[in-house]
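Below are two complexes that have chain A in common, paired first with chain B and then with chain C.
This part shows the complex of A and B:
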């Protein structure tokens, strides 16, 4: 059910300080999300996919990975051209499709198609433990990092528990449908999931206390900002820089 | 209920981030080390449970369960939901980094409201436990849909119709969540009442 991080072919890019990758992902996301000019969005889109090809990731796999996120955007495509007022660009039978509606939906699609592959490349290829470690080094509150790592660790356990409960229900001839019985069955299943999660948490916590846990995970892996990372920082600043510069120049000619 | 990347305008994104940061700070402050571990595992359950597809008519809906999380965690719902959404953004690309704040607020703020709503109802009339659970589940989704709609409309007024549709599409989910939350809560009350933290103040 859970996807593994995408394997990134070995290259100098892979050895960049993970903190740098996370910060770049955030900067790039904001630069593109806040842009409105087509040229800026196009540049962001180009940079993201070019970087994916340069790093040796298969664009097809990245596309498959990000495809589910476009559900909401499909919904916007279905609604916006019909509902946003403005001159019609096309006619679909009796229905006018408004130009501003299509432009709005198109802009959103382009933004998502630039930001999501960038996140996949920069963060989606990192192991979650490394992300947690890097966030800790970026001064994210320790409790939050602990929460994140703990949550990730137990998703797999809880998921297995869910599968077991669901299998047990199916073996007792449970067939889901649109009725109260189904909803109550799922509710009991979910309540059981939450209950076992809470009991397990108390147990795990006691076990961790016995091993001297103070709220901080120590790792053997070391994150260092190497000399080459300085050049990488400059290189990685280019895409968000281009997008912001284009947006600025086109808005204030 | 994830608003996708690239939809919202800057003021909405930044107010979302600010509110999410404040809520998370309060939540973290209220969680002891022991409770943080519990919140982490509950966040994992929230993550898994929200992937369950429940049949509805010819299609299926997936549960949001922010009502249950609110009842169980109170302000801790903020860091727990933020965590689950961060993992969803990184692993599945539902939502994204810039909308993380807004999406957290959309789900966690109603969760906190329902926490207090549920407690007030149950403290007033302990026999209303199931009803209070139903109300918590329903109101949590109702408020979440409302806030998602407002986030869209404040970003661009041309989203008005889309926001309406999003809200109306969530009506069946509200009722299903109400039933699920009510059943969950009455089950937990019978099996392990300490989880609902009702005894502390009454």
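This part shows the complex of A and C:
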């Protein structure tokens, strides 16, 4: 289900302020997502994978981690060349594959291949609790932060509950098929899951009240911006800077 | 010398869930300082409900609740009392909601106004007390059921409560962990009420055993007669033998 953070080898990079990593991930994603020039996209792609190799993260594991997203991109390749109007670049039997369609699909693929590894490196290697605290210190609304943390904690419990319910149904000879009985059983299962989640939320709130909760969360983590983080901030600004600069220069020659 | 007031005193408590039949009718219960009470009773007798009433998570229809010598009437009284009463939930997944063990154990101390450093210190110390060194950074969802129970206990002890309310703490624990749990309870200088369906465990952990049945508390003498028969299907319910 939810993947664990990828282990990042110890290095000065690992010890930088997590807020810096989150801000960089956001800036880099915007820079690449808004770029349209091939050179800018290529630079983004290069920066992301170069950083992964420099930080000692195995590119193969990163690739495996982000692979599911490329299923979606495959779907775009199947659709865009056929549907975007424009001159045909090549023909697949009777079907013309339009040049703008192929360019669009290629652009999206390159953007994904730059942004996803960057996020995996910058954020996917942080423990969820640290992400939560960093977001809180970045003044992201508290409710959103705790939504993230509670999701992380309870998604496993809810998954386990789903498995229990499904096992119980199977043990009583339930075989899913395409019939009304199957649909009804799954509807009951899902309804039960929602109900249990709601009851659980109620109990968790009670448990929190018992431990002195009064509407404000406090955190253990003390996130500090150290002197060396200033240099890191400059270094981390380079990749989004390059992408934006290339895009700008190529558009306004 | 005037006797110290009971730590917890329930008098004339009546309660029913919305749309349900009355669960308690005029229930009385007292926990004195230093006392260790065991509470058993059939499923659905209302044991869990009773604990939730004591800490004000549910409100009785009638009757009075006192803790540490003062009556608990409105929410702010209960908020103050909850700082001194640790309630262990029947399901550990309800109790533990933080991503890591350390965060969860430190949650209570932080709420009590401790600094992060103090809270971290209290959490680490409590975990060590329960033999859970090295668990600090473990994600909760990677713990076994028994480990979750022990961590739940740690979350309570880190707040240094004066009373513990333990709702089936040994549920799902193996014999070794159970013995460990018992050992910890006996070392703690703390009064508690413990709910359990295992009379053997109650006899070892509690000084007095009550049974909750039909909305009333049956005292020790009323059930002592049946202590010898705890292995048969009637459990601790009052019943007659046909000799």
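Note that in this section the second predicted complex is superposed on the first by the 250 of 253 C-alpha atoms of A that agree within 3 Å, B and C clash if a C-alpha of one lies under 4 Å from a C-alpha of the other, contacts with A are read in each partner's own complex, and residues count from 1 in each chain.
In the analysis below, a residue touches a chain if its C-beta (ideal position, glycine included) is under 8 Å from a C-beta of that chain, and two chains touch if they have at least 3 such contacts.
All figures in this text were calculated on a predicted structure; none of them were measured in a lab.
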> Now for A:211: first (chain B), second (chain C), both, or neither, which partner does it touch?
Replying inline: second
> Given the touch rule stated above, what does A:191 touch, chain B (first), chain C (second), both, or neither?
Replying inline: first
> A:253 contacts which: chain B (first), chain C (second), both, neither?
Replying inline: neither
>> Looking only at chain A, is it chain B or chain C that touches more of its residues?
In response: B
> With the two structures laid over each other on chain A, which partner does A:85 touch: chain B (first), chain C (second), both, or neither?
Replying inline: first
> Of the two partner chains, chain B (first) and chain C (second), which one does A:132 touch, if any: first, second, both, or neither?
Replying inline: second
> Thinking of the overlay built on chain A, is A:93 touched by chain B (first), by chain C (second), by both, or by neither?
Replying inline: neither
>> Once chain A of both complexes is superposed, is A:200 in touch with chain B (first), chain C (second), both, or neither?
In response: both
>> Per the contact definition in the header, classify A:219: touching chain B only (first), chain C only (second), both, or neither.
In response: second
>> Can you give me the overlap between the chain B contact set and the chain C contact set on chain A?
In response: 128, 149-150, 152-154, 157, 200, 204, 208, 214
>> Can you tell me which positions in chain B touch chain A when the two form their complex?
In response: 2-8, 10, 13, 24, 28, 31, 33-34, 36-45, 47-49, 51-52, 54-57, 63, 65, 68, 72, 79-80, 82-84, 86-87, 89-99, 156, 158-162, 165-166, 176, 179-185, 187-188, 191-192, 195
> chain B touches which residues of chain A in the complex?
Replying inline: 1-3, 25-26, 29-30, 32-34, 65-66, 68-70, 72-73, 75-76, 79-80, 83-85, 100-101, 104, 107-112, 115-116, 119-120, 123-124, 128, 131, 141, 143-144, 146-155, 157-159, 162, 176-178, 180, 182-184, 186-188, 190-195, 197-202, 204-205, 208, 214-215
> What does chain C use to touch chain A in their complex?
Replying inline: 52, 55, 57, 79, 82-83, 85-87, 89, 91, 93-100, 102-103, 106-108, 110-112, 116, 119-120, 137, 139-141, 155-156, 159
> What part of chain A is in contact with chain C in the complex they form?
Replying inline: 4, 127-129, 132, 149-150, 152-154, 156-157, 200, 203-204, 206-214, 218-222
